[in-house]
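Take a look at the structure set out below.
As written, the chain order gives the labels A, B, C, D and E, with residue 1 at the start of each chain.
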Amino acid sequence: AAETIKIGFHAPLTGFAASDGKSASEGAKLAAEQINAKGGVNGKMIELVIYDDQAKPAQAIPIANKLIGQDKVAIGVSGSYSGATRSAAGVFQEAKIPYISAYAIHPDITRAGDYVFRTSFLGEVQGRGGAKLVGDTLGKKRVVMITLQNDFGKSLAAGFKSAADKFGITITNEYQYSMKDRQFGSIVAKVKSDNPEAIYASGYYFTAGPLVKQLRAAGVSVPIIGQEGYDSQKFIEIAGDAAEGVIITTSLDRDSDVPETKDFIAAFEKKAGFKADMVAASGHTAIMVAAEALKKANSTDPRAIRDAVAETDLKVSTGTIKFNKLGEVLKAVQNQIVKGGNWHRHSVIDDPELLAPPAE
Amino acid sequence: MGIYEVSLATIVLINIILALGLNMITGFCGQISLGHAAFYGIGAYCTAILAKAGFPPAVTLLCGLILAGASGVVVGLASLRVREDFLAITTMGVGFLFLGIVRQQEALGGELGISSIPSAGMSKIGFMLFVLVLAALAAAFSLFIKRSWMGFAFDAVADDEDTARVLGLDVAAYKLSAFAMGTAMAGLAGGLYTYFARFIVPDDFGFITSITVLSMVAVGGIGSVFGVMAATVVLTLMPEFFRFISDYKLLVYGALLFTVMRFAPGGLAGFLQTALRIRKARGETG
Amino acid sequence: MTAILKVSGVTVRFGGIHALDDVSFEVTPGEFVSMIGPNGAGKTTLIRAITGVVQPQSAEIRLSGREISNLPTHKRSRLGLVMTHQIVRPFHSMSVLENVIFAAGHGRIQSVFGAMVSFDLSRERDRAMKLLGLLGIAEMADKSVRGQPLGVIKRMEVARALALEPKLLLLDEPLAGLNHIEAARLADTVADINRRGTTIVMIEHNLGEVLRVSERLVVLDNGRKIADGNPNEVMRNPAVRAAYVGKDETDAAA
Amino acid sequence: MLRLDSLSCGYGAMQAVHGLDLHVAKGSITTLLGANGAGKSSTIMCIAGHVAVHSGEIRYKDRKITDASPMQRIKDGISVVPEGRRLFPNLTVKENLIVGGYSRSRDESNRELERMLSIFPRLEERLGQRAGSLSGGEQQMLAIGRALMSKPELLLVDELSLGLMPKIIDICYRAIAELNKDGLTIILVEQSTHRALEVADQVCVLESGRTVWQGTSDEAQNNVKMIDSLLGLREETSDA
Amino acid sequence: MLYLELLIQGIIYGSMYAIIAVGLTLVYGLLRILHVAHAGLFALGGYLGLLITNATGSLLLAMPLAAAGVGLVGMVVYRLCYHPILDRPPYVALIASIGLFIAMEEIYRLVFGPYGLTYNDVPLQSQIAFLGMNLRTAELAIVFGSVILLGTLSYLAQKTRIGVAWKATVDDPQMAASFGIDPLKVRYLNFFIGSGLAAIGGIFISLLSNLVEPTMGGVPSYKALAIIVLGGLGNVTGTLIASLVLGVVEAFGTIYIGHLMDRDAIAFAFLILVLMIRPQGMLSGR
């Protein structure tokens, strides 16, 4: 076979996060196919080396070492959650191989060093976006938070709280639930008695679907604001009619006119057989960015590739990717709303100051 | 050895210390524990915090070991009150409680864990050798205990603690020492893991980890030091062997765990013993 | 002479059942006391209370003058107060010999740290073998306890108790499950042990052997002591005969 | 009624009984004697279907039952008081008795229950107590009562008088004699030789899993010395 | 008002727990196996119930069909997995069971996909006003369904000869056989009923969340163990009470001390507390 360039990719293909792992890797594979169909990178085909990390930090370390030491990948991409991504980031940084995180939200990931980048929002940034959406766009001031107890939920909550004042929001109460919960009866009962103007609830589609369904069933009718964790057709399937009107902050705009986004949404559904979600788009984006950097660097030197990644300026399905000094991306937040059983554009938050990621 | 192999070897050795700790409690003394990961976690968090405060590895590891051992004694007190399956579930509860509390402690990094932990000041290979020495010590210590009168007393407690008591054994003291020694080893393993990963989150020390360690002990053959070590090597590396079948990896792992218990319930040690006995019997008749 | 064991006011209740009701008795050093009484009279419960396996509602128990009712079982055992089980409780995972060796090593396992640093068990092995020989089960020494006939395990229990070098040995129906020849032998062995200085309290329904070897008889009925004294006198007590004795032994005792 | 033809049985590779021949007539009482470990209990449990037959045959009412399950055997009328009693410790006294009569209809079982309680009034006082917490003797009474609940035709009793006080032993022997008069066939393992010889029609002495003496109880009464020396055998070898 | 509402939510949680845990109690009581794979059967119940409902449009048909199907699978699990290792120490079966559970989850993922399935049209969602609250029919169905099923079961266990036969088999299967009880039949029946209950639990839960996922057994896998221990291990009534109490504790706990520890930790803190006071569980079974 012709010589290939290897891109390392790890995602939770089994275990509790397997669904996100599947979306991310399908997105990544689609990107690789599209690139190879166009002749690859500088005449070489790219090859994805995909490993399952079960979203476990302890598993991600040997995987990162294997990708670097045995598979000799040119660049690594994480399609996994923050824990696994953080531990792998350390290994890549130490080996000085560039590494891109597709959708993990933990702030420390890029702080591992100058070889680590992220093509998605930080949790805190998105939380701030959420605050603007609630307080400014929707004009709701008395808010109850329902926070998912993991790094994703916690950093969203921190971001939301930090910007709440700025938009005149008072947080009347905050409840926490864990990743495994699907039954929210008691939280729902309490929220009902709190009688807020809006609910800011973090979660993934598999927790948010039941949560929203149960809130609505109990007669809570105020706006519910979510984030990219909701961003999946599955959320609408689970919550059914209750999903109508739910608004989220995310990075994939379903009604986009941008060709990259439109192409991706169509191509993904064709390839995978189900509708694209944010995670899939993120996996796709990260591979696109990696491939573009490999093309520009046109070298096997990790340093050159790193520099090429740092200089990225690429239009992809989730927007235009440009990195700051720390390796964080700066882009607009897409607000989507459920209407008629599908995600549609609600509004866009493009406030560079509010959305500025940390630079060190 | 490439970096991949070194990292695997290190994690295997850490797990050996961890599993030998549980073997002390469950294998030797017969007190089933489903919460071993909590002590692993206590050692890890203690080490991480001290290391970030600037203490050298010798100090941090020792503190982790002592803190875990002391907590082990506290949980051991529960073993004086509840027995067998009640104890199994109580220790499981201790695991969940530890995790639940750590998750909500911002001082311990909460859900985000602790990162940027300083290195142990050794090269990767150097660190592996360091862990190797400690693992060898742990194994030697286990063998030493097993052969001593203490091991004999543990056997008696594991078999029938009421009778042991009637025969003049201070059962409580022995149970507590088993917990203290076993959890201290877990604490040491946790500290080593901290220096290895240099980033820890609560989930590293969850129920799954406890179960994994217990299966190392059970697959190895409860109480058998060499069996447990062999099983630890196999079970730690198994996910790596099966990487190529990504999608089926966990299925194969689960099925294998089941199969070993189903067809070789004495674990590897029991399996080897049976095999040897058959060979011996054959030798005698032949 | 001061009593080696002085029990007063032992009361044990299980829910509504009064198993023991204010029982008192004394044992002087070197004595061989047998305890009899109808089934369910509370004999087993009494020695379990003495060794601390059962928690009495009230009791005063003195061993050589020292109050021990607040000590845990293992401490009482170390003071020389040892019992065997009516329903056998061997360590199933060990051989017959190991069961006894373990008891013989009671000195080594007293402190956890002592136990950690001692390895040698040849002395204990010798003693254990001697005891098994004494009880006539030396040839079973290396067999696993599992599957041993009841008679062997019963004697193993006695050997194990002796290995603890008791001052006062409480035996719960040691002769049950032995045929009359074996029973006679074991009774002789026990009497012999007694002659060498160990005080013995033996619960037994085998009246023939009881009357043959013991010096004193205590009778419990319905949780109360109803007689205490010289065996032949006790057996003539009508209350005892009414509660306990069948037609055969009536003749035998008469 | 029951025939054992060169029966060998044991546990795994270990053989406990070697080529035992025994004929038990209907309505008779047979006593098995022997030193510790002679194989008495093993024989009993083998007839009850709990010990694996290695070779030989068990015939009951002229049918081969060598391979029948314990469930089958109790339906055919074989009931057992096992060594160590083997009560259901967490069941109450009453429940233990109900299990004893499980192979009979509910009405029959209730009738038997009344009868048992009249034989052992002590059990009536303890009906609701956990069997495991009964005293040793009470447990023995329950074990006997439980076995009789199924109205057996052949009763296997391992150590009838174990742990019982003399008075109750009398009651038990009287009950046994009465049942025997009503046609119950009994195989008895007993340690107290002279009690056993009194009631038995036939005596069989075992040693290391083999029959070493067999005869009627009258013959046995006349050979007490010889039987005693057989019973002591194990002791002598071990003393040597 | 709020308290009443929380109490009712607690009872709903409790009923769900009860129906899963009672099934597990049956298995545990009989075999002393910590049958973790029960949670795998629970998930299978969810899948079958949902698939049949989607195919036929009738939940009423799906319930018994799924229960019977899963019941049969339960019997197969017993025969293939537990029957051969019954005489082994309990941890052997525990590890085998965990292996089996992992494998089951993976099979669901591979067969039904990782994203989970939803109802075409979720049944029993109509609202019922009750003391000023909006309850869904499904929530009431859960409470009443559990009461009826468990009441029947509890009657069977305590008042009938079958119940006595069951308890006798628990204590000593060999002797039970000697009195005409077929232990194998009792065990099959037990696994059938227990697994059937698990299946119904799986369907109930899916009605509230409209989601059946491969990992949905995760929570019951350990929480059900905690409940049966709380209830006194092997005690059906105790399990019922423990389920309800734990449901209520969680309902209030998540609201009022949720910032201190998560739901699991609350449950287990409660468990440890109870066990330290009553080492034999709330109602002791043995």
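We take it that contacts are C-beta pairs under 8 Å (C-beta built on N, C-alpha and C of every residue); 3 or more make two chains touch, one makes a residue touch a chain.
What you see is a predicted model; the values in this text were computed from it and never measured.
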Shortest walk length in steps over touching chains, chain A through to chain D: 2
Farthest chain relative to chain C (centres taken as mean CA coordinates): A
Most widely separated chain from chain B, with each centre as the mean of CA atoms: D
Intercentroid distance (Cα basis), chain E paired with chain B, Å: 30
Length of the line joining the C-alpha centres of chain C and chain E, rounded to whole Å: 48
Inter-chain centre distance, chain C versus chain D - centres from mean C-alpha coordinates, in Å: 28
Cα-centroid distance, chain D relative to chain E, in whole angstrom: 43
Overlap residues in chain B, where contacts from two or more other chains coincide: 103-104, 247, 250-251
Chain E: positions in contact with at least two other chains: 106, 259, 262, 264
Pairs of chains, among all present, that meet the touch criterion: A-B, A-E, B-C, B-E, C-D, D-E
Chain D contact footprint on chain C (complex, rising order): 14, 17, 36-42, 44-45, 86-87, 136-139, 147-152, 173, 176-183, 185, 205, 207, 243-249
Residues of chain B defined as touching chain E within the complex: 26, 32, 78, 81-86, 88-90, 92-94, 96-97, 99-101, 103-104, 207, 211, 214-215, 218-219, 222, 247-248, 250-251, 253-262, 265
For the chain C and chain B complex, residues of the former touching the latter: 51, 53, 72-75, 77-78, 82-83, 85, 89-94, 101-103, 105-106, 108-110, 112, 114-119, 121, 160, 164
List of chain D residues in touch with chain E within their complex: 48-50, 69-71, 73-75, 79-80, 82, 86-91, 95-96, 98-100, 102-103, 106, 146, 150
Sites on chain D touched by chain C in the complex: 11, 14, 33-37, 41, 83-84, 122, 129, 133-138, 140-141, 159, 162-170, 191-195, 228, 231-232, 234-235, 237-239
